[in-house]
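Before anything else, here is the set of structures, which you'll find just below.
In the two complexes that follow, chain A is the common piece, with chain B as its partner first and chain C second.
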Partner chain A sequence: MLTVENLTVEFPGRFGVFTAIEDVSLTIAPGEIHGLVGESGAGKSTIGAAIIGLLQVPGRVANGTMTLGETDLRSLGPVEAHRLRGERISMIFQDPQTSLNPLMTIEDQLIETIQAHEDISTSDARARAIALLEEIGITDATSRIKAYPHQFSGGMRQRVVIALALCTNPELIIADEPTTALDVAVQSQVLDLIQRLANTRGIGFLLITHDIGVIAQITDNVTVLRNGKVMETGPTDKVLRRPEHPYTSALMAAVPPLDRKLDRFLVPDDDTPDLAAPTGRSAADAEAWLSSGTQALGEGLLVENVTVRFSGNRTSLFRKPPAFTALDDVSMSVRPGTVMGLVGESGSGKSTMAKVITGLVQPSAGRLCLGGTDLPLARERGRKDPSRRLIQMVFQDPYSSLNSRHRIGDILAEPLWLYGLEADADKRRDIAAAMLDLVGLSADAIDRFPHQFSGGQRQRIAVARSLLARPRVLICDEPTSALDVSIQAQILNLLKDLQARFGLTILFISHNLAVVRQMCDDVTVLKGGKVVETGASEAFFTQPDAPYSRELLQLTPGFTSGAAA
Partner chain B sequence: MFARLVRSEPAYLFFRSPAAMLAAVVAILVIGGAICAPWLARTDPYDLSTFSLMDGLLPPVWQGGDPRFLLGTDDQGRDMVSAILYGARLSLMIGLMAMVIATVLGVGLGLAAGYFGGVFDAIVMRVADVQLALPAILTALLIDGVSRGLLPPEMQQDLRVAVLTLAIALSLWVNFARTARASVFVERNKDYVQAAMIMGQHPLRVMVRHILPNIMGPLLVIMTVDLASAILLEATLSFLGIGLPADSPSLGTLIRIGMQFLLSGEWWILWVPTLFLVALVVSINVLGDFLRDVFNPRLR
Partner chain C sequence: MAYFILKRLIQSVFVMLAVAFLAFSLFRFVGDPVSQMTGVETSEQDRERLRDELGLNDAFIVQFARFTGDMLKGDFGYSYRTRQPVAEMIATRIPATLELGTVALLISLIVGIPAGVYTALRPRGFVSQTILMTTLVGVSIPTFVIGIMLIFLFGVQLGWLPTFGRGGTVQIGGWTSSLFTSDGWRALILPALTLGVYQLTLTMRLVRAEMMEVMRSDYIRFATARGIPFRSLYFRHALANTMVPVITIIGLQFGGVIAFSIVTESVFQWPGMGLLFLESIRFVDIPVMGVYLVVIAFFFVLVNMAVDLLYVAIDPRLRVREDA
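Right, the complex of A and B next:
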């Protein structure tokens, strides 16, 4: 149905022409779900945009043919292309929060779309819209259709987006990361829906994603992209299990398996050239420095009966708004020198827990205990409290966790200066350089700015910064979820190495169960601010106690490669 | 350093924007002329002894005037070129000073309000609201009146510039405070600020060293646009007679003086300083607009 041959897309820019897509060919049959997988910057979304004719300016299709049925997509004028979009090709975007107009009811948006493509009366259009909503699994569609987007949950909203895409009976739907913003339970429902639509309506799907698990679960064929070039293409099962291209097999090896724990990941070759040769400061110096001043933690981190309430939105001038309970009587204990995984869906209170421990959020009840002594809660914790140094945090988004206006050297020297660990500025610089070597970056990074580094490199810098405080406890809040899988594997390896070498106590927060399995000794599951289950990691993954844990494990799209064993 | 500046993104956009380049040329000419006034002007317009009534009301050169006075003279025989250059110097100085004071005051309060939030934020913002409700002219009149009442007469003359600057600064700080506060709200939830807070850094250090450099973009835009407002405000106040007296004329004072000659045929006395002021303000505003585009990638 859709045939793309030798597609080349270029972006002319200030520093010459950048070829985003080079010589890409793929075909999609009716009813086929074709996965397009690759790391960020591989050109996945660009291919989708080129097919639907919505390339960002100044991008242009430089070469190749794209045909949908009998229609040559490249020869269409703007008017014909506009008609074709929606009528024959539809698109589903990543974020259901922003792809619906918040000021229009679902009904208006659906009817508007239907009437834009067909001369049909409003009441007929409404009937069609309701039928559509029922088809995609929205119960009580006749009354729900009057609702505004904010009255739907994220998963429901993504269903409405899919209904919008279906309005005009398209032959092809391009789904750009349709489930990335969703929790696993909702993700699996949306994926089921896509599968069903492909089967019953014979719609071809181009499913763009970075998640190998999703690819493994529903696609028929898959194309692996890297730097705008096709690495490998073929039936999903074959490509994922018996990859022919070395890049594909390296990529598969980097995917954390859900069903067993690996000691280390095999990391795909990094094609970014090494930064210049390291200077005299080596990882050994940093290691010596780290171990010279650290004292072992007698006992771990104890969280006892912590409850956090946030005041809700004020709806009346005179009444106090009802409080929202983010954490409800949560207790857990992180043993010294081990990694505790904290898992749960979005809104389960994982990050609030991190904020309570780091002293950013004041719990309304509960007690914290670090190394056998009481840890003051947020308001009582002074700026000079020793725990400020002992507890360090690694954030999710490496793009915002480093101050973009400071040089790496200044960022790294800050904890040394702040905690009075090293009085001499030159020595601070030396230690920072050595620490960069320890986390696998060249020491000449020290004079650069954060924007000169990739996400993975920045995360290494963030880890280096937290280590320079000589911490005993590291809070990692989704440290790899903003990263590509191969980079994720590198960062996880780094964290594992550091943890083993320095006996760090780590609270590892993640929604990704497979990653948690690789990293953690113990696991605590949160749901709606309550602890569902807590215990040893291996026991949790093999025999979860709580029904909720079993459900979580079941719904996580699993993929096990044969190559990593 | 210079090479890096030329290759940078703003420079690249600048050299592709004819309007910005033209505005920059005009602004550099006007500001350069004002700075170099003592060397460019052939007479000192503040020194009454250097000009003679005999040269009064001469038209510009191309209308058959005296070649000594390129743009003619006013009724006192004051050289218009000198008067404008010195006037612009005074206007620019007051504008810049007022802008700097407004920036320091507004950004300081806005940063603190955004960072601490709560009661302090509420107080600062309500004060800002009240300030906005008072037109700049009213503020200036108030300060002017108070200073007249409080200061001995012999000091008043010397302090006119200071009073004017303060009045203008007070009517401009709200912009800075609001923008700074809004930007701080965005920045303070970013991880690098949270990281600094977790580490237990001093609030002042977090605000100045971490947040401030990251919100400079929008503030720079306001600084440029408000420089133009400050110059205009000074001109307005001087035009209305609240500002500078006729013996040390700023652009606004010159325009006020020129008004008297509008109907008697000596148009240059009004028009020359007016056009000069318009050129200065428009060029600064165009540059401010250009900066806004540079710092707002969404508009590109």
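Right, the complex of A and C next:
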């Protein structure tokens, strides 16, 4: 149905032409789900945009042919191309929060789309829209159709997005990371829906994703991309289990498996120094400095009966605003020198927990304990309280967690002077340089700015910054979910090494169960602010107690690499 | 909803109190009202008696309370200069300023929004660049220079339009309007243009920036990918989302137009509040200045409240949260 041959996409720029896609060929048959996988910058989305004719300026298709059925997509004029959009090719975007017009009802958006392609009366269009919403799994569609996008939950919104893409009966749907922004349970529902639509309606899907698990679960064929070139293409099962190209096997090896625990990940193109045996003298310096603190070893962290309530928005003059309970009587114990995984869906209270421990949110009840002494709660914890140094945090998004106007040296030196660990500015700089070496960055990084680094490198800097405070507890809030698999593998390796070397206590917050299995000694599962299960990690993954944990494990798209290990 | 409006009203009361305090401080600290009222030959005893009669020897807080109370009753006091009640003076001047401000705002919206949309959709086009360059000139030149240039061109050289005053006016109740005679409109055009040009540029650039941002958003890309006709894409999907933040600024602008029409009014001898304010400054007519401050603040509060309500009307996200 769709045939793409030798597609080349170029972006002419001030410094010459950048070739984003080079010589890519792929075909999609009706009812086929074709996976397009690769790391960020591989050109996955560019291929989708080229097919639907929505390349960002100044991008242009330089070479190749694209045909949909009998239609040559490249020869279409702008008007014809626009008519084709929606009618024969549709698209689903990543984030359902942003892909619907917030000011229009679902009804208006659906009816407008249907009427844009068909001469059909408004009431007929409405009837079709309602039928479609029901087919897609929105109950009570007749009344729900009058709602605005913000009145739907994330998963429901993604269904509405799919309904919008479907309502014109297209032959091909390009799904650009359709489940990346969703929780596992919702993700699995959306994937089921896509599979069903491919089977029953014979729609061809081009599924763009970085998640190998998703690829393994629903695609028929897969194309592996890297730097705009096809590395390997073929039936999904064959490509994932018996990869022919070394890059594919390296990529598979970097995917954390859900079913067993690895000591280290194999990293594609691992050009960073091996941390197990620091080569540079400076890395040893940093190590010595970190260990020379009053007490370098991690300490246990005890959370007892913590409850957090947020008051809702006041809506009426006379009624009290309803309180929202983010954490409900949560207790857990992180043993000294171990990694505790905190898992749960979005909204389960994981990040609130991190904020309670770091003293940013005042719990309405409960007690915190760090290594046997009481930890003051948020309001009692002064600016200069020693625990501010002892508990450090690594954030999810390495792009926004480093001050883009500060040099790396200043960013790293900040904890040193802030906590009064090193009075001499020159020494601070030496320690910062040594620390860079320890986390696998070259020492000349010290005078650069954050924007000169990739996401993975920035996350290394963030880890270095948190370690320089000589913390006893490190809180990692989704430290790798913004990163590619191979980078994720590197960062996880780094965290593992540092944890083993300095005996850090880590609270590792993640929604990715496979990552948690690789990293953690213990696991706590949160749901709706309550603890569902807490205990040793291996026991949790092999024999979960709570039904919710079992469900969570089951829904995670699994991929077991055959050849990688 | 009721809660929302009430909250706003309470906030407004505090704003008005603060402004009233400022206005009152003018009386207290800018010169001595008694020496303003009396001549050099008035004896010290008479002055003291006058102070006592006027209550100027009372405690500060008592005087302020009396001042606010009088204001609330509609008693704005008397002008030092003309001996007329200030309320009357302001009332005769308000229509002129409001009409000028409204027409200026309309000009800026009617030209600014389409121009903003156009320049956003064709950011690199020749016409867009020309519009952007021209309006940049419009912003860079001070208002009074624009006014003088317009007078020179249309009033003096071409002789098409009058250069001062309101032209023919019609009395409707207590409202003197120049909107119902062609003569009045002719007199209104130049000052309204002068006042509107700066607002126009601001509106246009704001709409352009917001629109470009909206055009990059996922929902517009998704709507394009669904093949929604371009006309609907631009004017139904994109423009509505563009206007949400723009309305706030336009509201503030309208307040600004009313408050800062002083320069334009003085260039065109437009008999509005701004001109009255200038005259009052020249003669240190403190009561008029104080009341002017309060009235302008009242306008700002009113406009902002209207903007907030408009905001709720446009954006369903706010509306529904209020209902829930």
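Convention: the second predicted complex is superposed on the first by the 545 of 565 C-alpha atoms of A that agree within 3 Å, B and C clash if a C-alpha of one lies under 4 Å from a C-alpha of the other, contacts with A are read in each partner's own complex, and residues count from 1 in each chain.
Following the convention adopted for this analysis, a contact is a pair of C-beta atoms (placed from the backbone, for glycine too) under 8 Å apart; a residue touches a chain by one contact, two chains touch by 3 or more.
Please read all numbers here as calculations on a predicted model, not as lab measurements.
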Quiz item: Where does A:K384 make contact in the superposed view: on chain B (first), on chain C (second), on both, or on neither?
Solution: first
Exercise. Based on the superposed arrangement, let me know which partner A:R85 touches: chain B (first), chain C (second), both, or neither?
Key: second
Exercise. Answer with first, second, both or neither: which of chain B and chain C does A:A469 touch in the superposed model?
Key: first
Quiz prompt | Greater residue coverage of chain A in the superposed arrangement, chain B or chain C | solution = C
Quiz item: After superposition on the shared chain, which partner residues are touched by A:H117: those of chain B (first), chain C (second), both, or neither?
Solution: second
Exercise. Examine A:R14 and indicate which partner it touches, taking first as chain B and second as chain C; both and neither are also allowed.
Key: first
Self-check item: On chain A, the residue positions that both chain B and chain C contact, one per complex
Solution: none
Self-check item: chain C contact footprint on chain A (complex, rising order)
Solution: 52, 54, 82-87, 89-91, 93-95, 98-105, 109, 112-113, 116-117, 148, 150-151, 161, 164-165, 168, 313-317
Quiz item: Any idea which chain B residues touch chain A in the complex?
Solution: 12, 190-192, 194-202, 210, 213-214
Self-check item: Residues on chain A engaged by chain B in the complex (per definition of touch)
Solution: 14, 358-360, 382-385, 388-389, 391-393, 395-397, 400-406, 414-415, 418, 465, 469
Quiz item: Hey, which residues of chain C end up touching chain A in the complex?
Solution: 2-3, 6, 217-219, 221-230, 232, 236-237, 240-241, 244, 314-317, 320-324
